[in-house]
Amino acid sequence: MLFHIRMDVRLPRDLPDDEAAAILAREKAYSQQLQASGKWRHIWRLAGEYANFSIFDVSGNEELHQILTGLPLFPFMEIEVTPLLRHPSSIRDDDS
Amino acid sequence: MLFHIRMDVRLPRDLPDDEAAAILAREKAYSQQLQASGKWRHIWRLAGEYANFSIFDVSGNEELHQILTGLPLFPFMEIEVTPLLRHPSSIRDDDS
Amino acid sequence: MLFHIRMDVRLPRDLPDDEAAAILAREKAYSQQLQASGKWRHIWRLAGEYANFSIFDVSGNEELHQILTGLPLFPFMEIEVTPLLRHPSSIRDDDS
Amino acid sequence: MLFHIRMDVRLPRDLPDDEAAAILAREKAYSQQLQASGKWRHIWRLAGEYANFSIFDVSGNEELHQILTGLPLFPFMEIEVTPLLRHPSSIRDDDS
Amino acid sequence: MLFHIRMDVRLPRDLPDDEAAAILAREKAYSQQLQASGKWRHIWRLAGEYANFSIFDVSGNEELHQILTGLPLFPFMEIEVTPLLRHPSSIRDDDS
Amino acid sequence: MLFHIRMDVRLPRDLPDDEAAAILAREKAYSQQLQASGKWRHIWRLAGEYANFSIFDVSGNEELHQILTGLPLFPFMEIEVTPLLRHPSSIRDDDS
Amino acid sequence: MLFHIRMDVRLPRDLPDDEAAAILAREKAYSQQLQASGKWRHIWRLAGEYANFSIFDVSGNEELHQILTGLPLFPFMEIEVTPLLRHPSSIRDDDS
Amino acid sequence: MLFHIRMDVRLPRDLPDDEAAAILAREKAYSQQLQASGKWRHIWRLAGEYANFSIFDVSGNEELHQILTGLPLFPFMEIEVTPLLRHPSSIRDDDS
Amino acid sequence: MLFHIRMDVRLPRDLPDDEAAAILAREKAYSQQLQASGKWRHIWRLAGEYANFSIFDVSGNEELHQILTGLPLFPFMEIEVTPLLRHPSSIRDDDS
Amino acid sequence: MLFHIRMDVRLPRDLPDDEAAAILAREKAYSQQLQASGKWRHIWRLAGEYANFSIFDVSGNEELHQILTGLPLFPFMEIEVTPLLRHPSSIRDDDS
């Protein structure tokens, strides 16, 4: 089941540099593992913003919530969730 | 070059049924031709709404504008454009 | 899988009375059939507004979309969808 | 009398971990006691957010206010209150 | 039980004058009867606007909804409902 | 002359408890003195919020400003002012 | 007593030209008479908009309401009212 | 050339009292000098708010910017600029 | 003196095609004459929208207003005006 | 390819003066180098605000993102990106 997620990152200015670096490294590993598993289907950067649009393919709301709240950056993010489905005009096999 | 587009359709209530049907048929053909060409990379329906999220892969702003204003439904749509780029954590070849 | 839906009804003033009555009767039958089937889990009226909050229990985004766009009042509604899950503090068996 | 409540939790970053844990434990106990009493009728988590939708069944505005301002997390919450009533299409005995 | 209501009236321009006059007369009679009964506790006009702030004292959400949707101007109003209670600093007997 | 005021209180978390208690005690005394004088005509609590709706009856904008900026909680409040007048449908002597 | 008013005019497209011209002529006469009387203290056009900022000097909310709702353009305006008072830094005799 | 300015002051709570007093004294002197010169044409306080509406008469955008950014309170203000011109219905010599 | 203008065009659906074409032709001629004169310094289309960002170089607010309200499309536009000045970091002779 | 950017600067009050001065000096050098290269085509100050409108001419979204996130002030800015293209009515060679 597909979900469209927008994530906006707001790192507090007083977060120590090494702590920030450690969180970002964990975030990257976490994201790439989920991409490899097929659950984090797409991720794009928004030009000029510390934000991404992502597509998740998960078993349902419960799994989506576990994945999102497990993000190392979760405490520093605003997250917007939109449930998706196959578009009737789509011709791609992998858009559903 | 990638763009994220949200389209919300608002068909006026006094649009005659056959006129609406003809526009929707032209819209579907137009969309599928662009999908086949690779320019309209993805399209998903938002659950419960007459709207879609799409990803376009075009040569630039000029081509994007020609495609969007050429949509048969363009006069009945609200369109929101966000320029995208490859995310540094992405592991997919086709997300850039 | 649970979804929280807010529906706001806006009947156009020039909708003939008998047409409106017919739509509302179909809407009520449609809603009660879905309630009986267990898919439309709850529905409440908002005090002073022509609106409701509802809880749906469906197999996923796809089924939710089919149900919502099938509402006889769908063309006259604003709909807001929020995916839900069981709350960790819940003690009710039927809130998941 | 029924009320729909949305609660968004915003824990300040400088709240010590043990203080946060103690508040959350008190919050859970407080919530479950009210659920057991029937006053906190439903509670659901919003997917991807530190927030819940709840339904309260109380004697009136006064009792609702006492319950909400008594929440251990009250100082860290944004709360939105909507008075509800039985929907004329409802077929459930316990939605009023 | 007390409720604070804001009502904004938007009469459509194509409403015939005599029809508008009849609705306004019924609205005034309806309002004054409810004021006389004590259920519509206060009503004030907002300077420069076709709007009012009102205080209702009713048995609960259900009665409030019946009263508001029974307003002859209801189809032409935007209504905003806020549940109230006695303020701990109040010294007036009749503010609760 | 009548004014409708909405006050939302936002006490900063680092305000020492005794300082907060002292401000709140001064606020209550200030409010009750103005209520006794007839200038602060009504005050109600909003259910679930640290906020009130109030009605002031003062000689004009100047006096209203002196009273509001004199509130001990003024530095911690958001205030919204709406000038009122007697509603043409009102039947109460004391709503003007 | 002083009030700051913003007026935005929205003439409907189907208002016949001669009717519009008659309303605008009445509006101008009405405004100039009130300016001559001293009650409509200032009026300025906003560059690029069909709107004005005005300052009124009236006996109170009641008179302000009578003047504003008496504007020939009142049914076609959005009006925003802000009560003013003399600023403590003002050196002009006529800004109070 | 005329400009309408709204200024909202937000003094941070941790600004030492004597520093705040010094800034406010400089602000008052700065404002009154510009009023005396005719460049700061009007200033009014908004009832119940730490804010003012002002009218400036300057040679153009450049001078307006120099004056506004030179305000001692500039770092603590939100400023909203609206270019004005003489209203065609104005009868006052000094409203242009 | 420089101004930044955003114009959003909303042609009503019931505007006859030949009337629309005539307005658009007059608009284009009007715009190009002002561009040739140097008063309409820049104009760009927003990708995917029936809108433009423009830079005007005029003698002041008065002339700006005459130009904007003289646009053949003015009755069908939303216009947003922002006064500009030379940026202290600019190295271009023609950005002031 | 052209982009319209709005940048709003919010320097935190606790940023040491010399650190701020160093960042601003680096920002100016960075901006002027990009202006000299032709990539930062225009920059204007908004009157009364710590903000600018800029036009960039870059190879695409990727280069735009590298430039914007490389701004020394990037951590202290809100940035809004709008893709542009040549307007069909433009007569300037250098507006595309």
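When the chains are written out, they are named A, B, C, D, E, F, G, H, I and J in that same order, and each has its own residue count from 1.
By definition in this document, a contact is a pair of C-beta atoms (placed from the backbone, for glycine too) under 8 Å apart; a residue touches a chain by one contact, two chains touch by 3 or more.
Keep in mind the model is a prediction, meaning the values are calculated, not measured.
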Any chain that touches chain H and chain G: F, I
Relative to chain A, chain with the most remote C-alpha centre: G
Rotation in the CA alignment of chain C with chain H, degrees, nearest 5: 180
Distance from the mean Cα position of chain G to that of chain D, given in whole angstrom: 47
Distance between chain centroids, defined by C-alpha means - chain C, chain D (Å): 22
Euclidean distance of C-alpha centroids - chain D vs chain H, Å: 45
Shared-contact residues (touching 2 or more other chains) in chain F: 2, 45, 47-48, 61-62, 64-65, 81-86
Chain pairs that touch, as defined at the top of this document: A-B, A-C, A-D, A-J, B-C, B-I, B-J, C-D, C-E, D-E, D-F, E-F, E-G, F-G, F-H, G-H, G-I, H-I, H-J, I-J
Complex contacts: residues of chain F adjacent to chain G: 1-3, 60-62, 64-65, 81-86
Residue ranges of chain F touching chain D (in the complex, touch as defined): 13, 45, 47-50
List of chain H residues in touch with chain G within their complex: 2, 4, 27-28, 31-32, 35-36, 42-48, 52-53, 55, 82-92, 95
Interfacial residue positions of chain E with respect to chain C in the complex: 5, 12, 61-62, 64-65, 68-69, 75, 79, 81
